[in-house]
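Shared chain: chain A. Partners: chain B in the first complex, chain C in the second.
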Partner chain A sequence: MTPAIAFLLAMTFLISIGGIFLMVWGLANDQWGDGEEAAKVIFAEGELGREEDPALTGVRRKGIQKEHEEGDLNIDEEELAERRVFDRSGRTPVLWWLSSSIVWLLLGSLFGVVASIKLHVPDWLIQDAVLTFGRVRPAHLNVVAYGWASMAGVGVGIWLVPRLFKTPLLGGQYATLGAMLWNIGMFSGTVAVLGGMSEGLEWLEFPWFVDIFLVLGGALAAVPLLMTILRRRVHHLYVSAWYLIAALVWFPMLLITAKLPLFTGVEQAIMNWWFAHNVLGLWMSPLGLAAAYYFIPKITGTPIYSYSLSLIGFWALALFYSQVGVHHLIGGPVPTWLTTLSIVTSVMMVIPVLAVAINHHMTIYSRWRMVLSSPTLRFVVAGAMMYTFASVQGSIEALRSVNVITHFTHYTVAHAHMGVYGFFSFILFGSIYFILPRLVAWEWPHIWAIELHFWLVFLGFGIYFWPLSIGGWLQGTAMLDATRPFMDSVLLTMPYLKARSVGGSLMTLGHVVFAAHFILVMRRMGPASDAPPKLMQGFGKRKNVEVANGAKS
Partner chain B sequence: MNEPDSRKEASQGTSDESSNAIDESSKTRSYRREGFEPEELKNPLPLWYTIFCVALITWGVSYFFMQGTVPADAGDLRTALPLPGSLPVDGAAVYNANCVACHQSSGAGLAGAFPPLDGSEWVLTDARIPAQILLHGVQGEMVVMGNTYNGVMPVQSHLSDQELAAVLNYIRNSWSNVADEIDADWFAAEREAFADREGPFNGGAELISVLGEPDV
Partner chain C sequence: MTRALGIIAGAALILLYATMLLLIMPAIQLRTGENPPAALAPYTEAQARGRQTYIALGCVYCHSQQPRDASLAPDMTRGWGRPSVPKDYSYDNPHLMGTMRTGPDLFNIGARQPSVDWHLTHLYAPRSVSPGSNMPGYPFLFDVIDFVPEGVTAVNLPPEYRVRGGTVIATPDAMDLVEYLLGLDHTYPTDDLPQADPDDQPAAKSADDDKVSVLDTDLLSGTLLPPVAKVGATQ
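Entry: the complex of A and B
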């Protein structure tokens, strides 16, 4: 890199940031005549300050409302009926995408546990090529990333569309067809990877002819979004809508570009990590943030703290994220300027991440107790906090001084799970707890199953993440120490890899509980309940529970 | 396909609204407790956040310039490792890779086929003789510790001076052997001295005629 390149890079960087912030300032301050008033369109009179806690029926809720010194309930019957119409309009495609995702979640978890155990019991299940590490591990990655996370994310996204645009979903049947095609793609792709027909690039293992189904399925899922936008009854687009539209535009572009047969050698490596990192940042992150931005204010009954922060969070992500992937090639035969740009943009990601974190924190600040009782809020807030953690960790990891240790170690694996699991999957779990009862008119029958699911995946993930991060770091320092033989760096990770298998198994167990519960609701089985699940009932709300019990009897 | 749940649900879709099992109140229940559709307040950016962003951007710009002096043609900050010559070479590793198949890890060889190295006069004599055996090989009759062998010692000159010095020191100071050590420079000189020679030594006889009787 020469001073000339450095100068041009720095100037491009400054001008882009200047442009983005000017636009954000203009939007936030109503410079284009479309700010504050438009933002109020979504807000119905008299609704501010009412909280949604899926745990509460009328009497109990009144108790809590009083506790928070809120006014009387003020239900607008017309709006209520409207929401039912919205949900019903997207019912079939949403259920297709969500229930498919649960099947892939179970399968992907199983692959993950098998791959994890193989790292410390290398001779286990090697009789058949299908079950060797080199096939099970990519099968795990693709099934959880494209089967579970992507399908559940699309399901939640489609459910959000009519609510965000205040218009019944149009063209839902295209999304249903999309789910079918996507499932065909997932099934064939998994069989291909297990059968040894992998393309050999991480995150892109599915053969190109299988990816056609994913591209078509994804495009069909975007059709109702576009059709509904065109007929929308609100002028102002709520922040969740920005993320949703962006995700559905970005993902097909990413996948098609990555699959073009144009890249060889170093270019291919650059394209590979540009794609792989963007699947998290420009596909899963916007879907997850769309859900978080919807459910946190929805359940706490508090408006989002700052429109300006929402704008910065979104536009800075759009500006910075697509360049961060090359930090996976630090120290590689890649032009220095490209890696340097990627390191700087990786660190700049702190700007949108902090904006989102402050926005969510200030929104939930006065209602934090609801995190204990509401299943949706508990999962979504845990996920949102892990988004902040994963992102800041990623920014630090991109620095050359840190990367030299963490590169090629299990530390990176733990970090990737913090993003896709800790952040995105937790938010998906929470969203499904909210959405499903509305679509099938059946409450989650077992509170203990939700508690069990939460603690299994939360503690399981803790046991997964922390030992693996520590083990990965030690592995990295051992590899850098020229006086130690390479095998030292392998053997010292053994206890940490075993801990990872324990954590992964607990997470899988949690998924089984969740899937069984999901099936119960889908079939309207289990004890009928007229009240939604409320976790930790005894905690600080004894009086209200007594009132509620009295009212029931 | 493999999603029984979703298929079931799709077929159930039409029955939902007409089903008598689900009364009206249970259909609206979850909606009645639901809050408003989210919206945003107009709070300004926190001051500390704005300052933090400016600081971060300043760092970013200066980082570009800090990297401006890195050579553009070397890839991303790749520093050449020191050449193998300056790293210590493990003689045992070289022995295990090149010698152990015939001379065995005990250095005892195989009776009748491969001569021993442990206690061998050809090893413990002046280091020049084993060095030349390594550099050129031996083919033909050779008397080692009173036994006659008739085999082929392959040439090892493809190994570097560092590796040859390390393995010779290893052989001359393992098992019961004790002899003085040599270094890579000495080996380089030894290689240079017989640079013109082609082909292996013709048995022990030629070794003795060129380099003299082994003398322990």
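Entry: the complex of A and C
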């Protein structure tokens, strides 16, 4: 243990010194000073104070705009027209990533519901090994984590690139190829898990040759980001860009390290949870935060509350989140210093979380009424709030006294869903509602379908989360009570597991509504919106534009 | 920030640092694979095949293999065995420590439940021997035949679980899986657990010393529950 502690002390010292030097350098080079200007990078000239939500109808749009007191807006219309072209520059790759993600969302939800029902109807679908619980559950996890969440996250990220750098997307074809490879990986990985060829590590079930596709697909998705950065027309990298860049650096590093055959036994378990938690912390979280940092200010027309704070939030997330994973092995046969380190960093996560929370919630605070009107914003803000909740919950859950109860129970499962679903998926839903109309020049035909989607998944998730958390907590207390037989901890969870199936089914229903609506827009079906046909301008060939405009007016 | 390269380098360096701290340092410290306990035998061929089935059927999603210390949880009292130490996992690749206890910990299931019959019955129809369990049955690990040839194990089932007009027998997969489960026995003593240090000054002793002494292996073997009575052992 002594060398480990010596190493920790030495690193603490070096990092502190390094941090001070970085701060001095940052101050000297004015990396902080004009931050508030950088916060406005995402707006066109004169656009501050103007809402932007393509899912809105005219009446609501006016209602929202009233929230602003700025009065006359003097927007640079030329810049807006240009942006509409940029918006569409990533059409092919973004549509590939997003459409694929929705297919995986539907499949993953189905697996989830089946696995959930199996826990309280254990004799259901047991005749074939393919559908046994131990295969459907990992299939669910991998399909929603890598198929839905990751692919949608990458799609949203690629779409944000031209917006962030005010340049058309370059190298989009690489990302398209990346989506194809990723889909091949997802398909073969899912077949492998269902067929019993899992590698046996949670979150890493896909065989190594399948993960090659994911690594290559992810790397190819990063190409347009890098190419576009080099040609960018803004000086400042907006906060969303930091998160995007970092996420695309981290994911391949994580996956490659995890798949190297370096570790066995306990070391492998440590690696396993270092990886699994980092998928959430260093892959999904940055992608989700990148989207939230863009859409909240953009939709409301208000710059982010404190740009300097976002800088702290970003680097603190990188530093602390990367070390929290071993809290999954508290009480296990791992060195105590290691679990302690992970618990400490888990608690330290409060710093970046508060930074992000202040930024998101204070930005929306002055415009909170928009949440009622704007369907896009409602998803994103709900997601941002659940990010704060999930993160604080996670910090508390890492404490030994709490963890001893929640470890090995359904409570952890509920918590994981608060992160991946409540936070990340909600933000992705909102982002897709924002993005899709700009890609295909067709607005969402049914506001009610968006509302229905929201309430199905919001209430469904509530019915999923709260009973499962309570049931998991009771399960943990029962397991700790030596006077109660183990079977008590199984029997008492039954009503809660049934509630989870109900909630999960409602969520799945919401996804079906969402997917159907998505297809309507893709195929340009449904009644035309009463919103101004601005989206159509500057799209595609001139002739098409005129036709489209003619059709609308 | 204005430099993309700075973000790329910073992000990569921080993750490298975390990797060194979380993966490399423990690996240097532990070296589990290099020094297996003498009492722990490597997996036999049948056990290794059974372990593969355990992985393929995803048993790990409901069963952990890491009993905790008595100061944390009553795992020992439940008969799950002494707290595991890194060496116990010397031959484990992939590790199957698990993070869920929808069912009980299995690290010492071989010692706790050494009956082949019980395991086969339990795998075929869990609720016939463990009422209230929500474990799925694994009928595809079994065959139903008219005549049981020599060398094939028939599954003992209570009347209501029997298949009319045939006998349920275990496939080689089922036998291998049971072989693996029976091999899960880490009740041998280990000196890797914290022990009361005889050199300690008496004044430094705290109330916790009592807890530490519970880890004594003699006491441990005494806490193991007797095997569950065989169900339908005779037909």
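Methods note: the second predicted complex is superposed on the first by the 474 of 553 C-alpha atoms of A that agree within 3 Å, B and C clash if a C-alpha of one lies under 4 Å from a C-alpha of the other, contacts with A are read in each partner's own complex, and residues count from 1 in each chain.
Methods note: a residue touches a chain if its C-beta (ideal position, glycine included) is under 8 Å from a C-beta of that chain, and two chains touch if they have at least 3 such contacts.
Note that the structure is predicted; figures quoted are calculated from it, not measured.
By the touch criterion defined above, A:V154 reaches neither chain B nor chain C.
Of the two partner chains placed by superposition, only chain B is touched by A:I17; chain C is not. In the superposition on chain A, A:P3 makes contact with both chain B and chain C. Applying the stated contact rule after C-alpha superposition, one finds that A:L194 touches neither chain B nor chain C.
Using the contact criterion defined above for the overlaid structures, shared-chain residue A:P138 touches chain C, although it does not reach chain B.
Of the two partner chains, chain B is the only one that A:L309 touches; chain C does not reach it.
By the touch criterion defined above, A:L329 reaches both chain B and chain C.
By the touch criterion defined above, A:T409 lies against chain C but remains apart from chain B after alignment on the C-alpha atoms of chain A.
Judged by the touch definition given at the top, the superposed model places A:V440 against chain B, while chain C stays out of reach. Put simply, chain A uses residues 1, 3, 7, 329, 331-335, 338, 341 to touch chain B in one complex and chain C in the other. Put simply, chain A touches chain B in their complex at residues 1-3, 5-7, 9-10, 13-14, 17, 28, 36, 39-40, 42-44, 47-48, 50-54, 56-58, 61, 75, 80, 83-84, 88, 91-92, 95-96, 99-100, 102-103, 163, 166, 176, 179-180, 183-184, 187, 238-240, 293-294, 296-301, 303-310, 312, 329-341, 343-344, 347-348, 350-351, 354-355, 358, 362, 400, 437-438, 440-443, 518-519, 522-524, 530, 532. Residues 1, 3-4, 7-8, 11, 15, 31, 118-120, 122-123, 126-129, 132-135, 137-138, 196-202, 226, 229, 235-237, 241-242, 245-246, 249-250, 253-254, 257, 262-274, 282, 311, 315, 318-319, 322-323, 325-326, 328-329, 331-335, 338, 341-342, 404, 407-410, 412-413, 479-482, 486-487, 489-491, 494, 497 of chain A are the ones touching chain C in the complex. By the touch criterion stated above, chain B contacts chain A in their complex at residues 1-3, 5-6, 8-10, 13, 16-17, 21-22, 26-46, 49, 52-53, 56-57, 59-61, 63-65, 67-72, 74-78.
Taken together, the chain C residues at the contact with chain A in this complex read 1-4, 7-8, 10-12, 14-15, 17-19, 21-23, 25-30, 32-33, 55-62, 64, 66, 68-69, 72-74, 77-78, 83-86, 88-97, 99-104, 126-127, 130-140.
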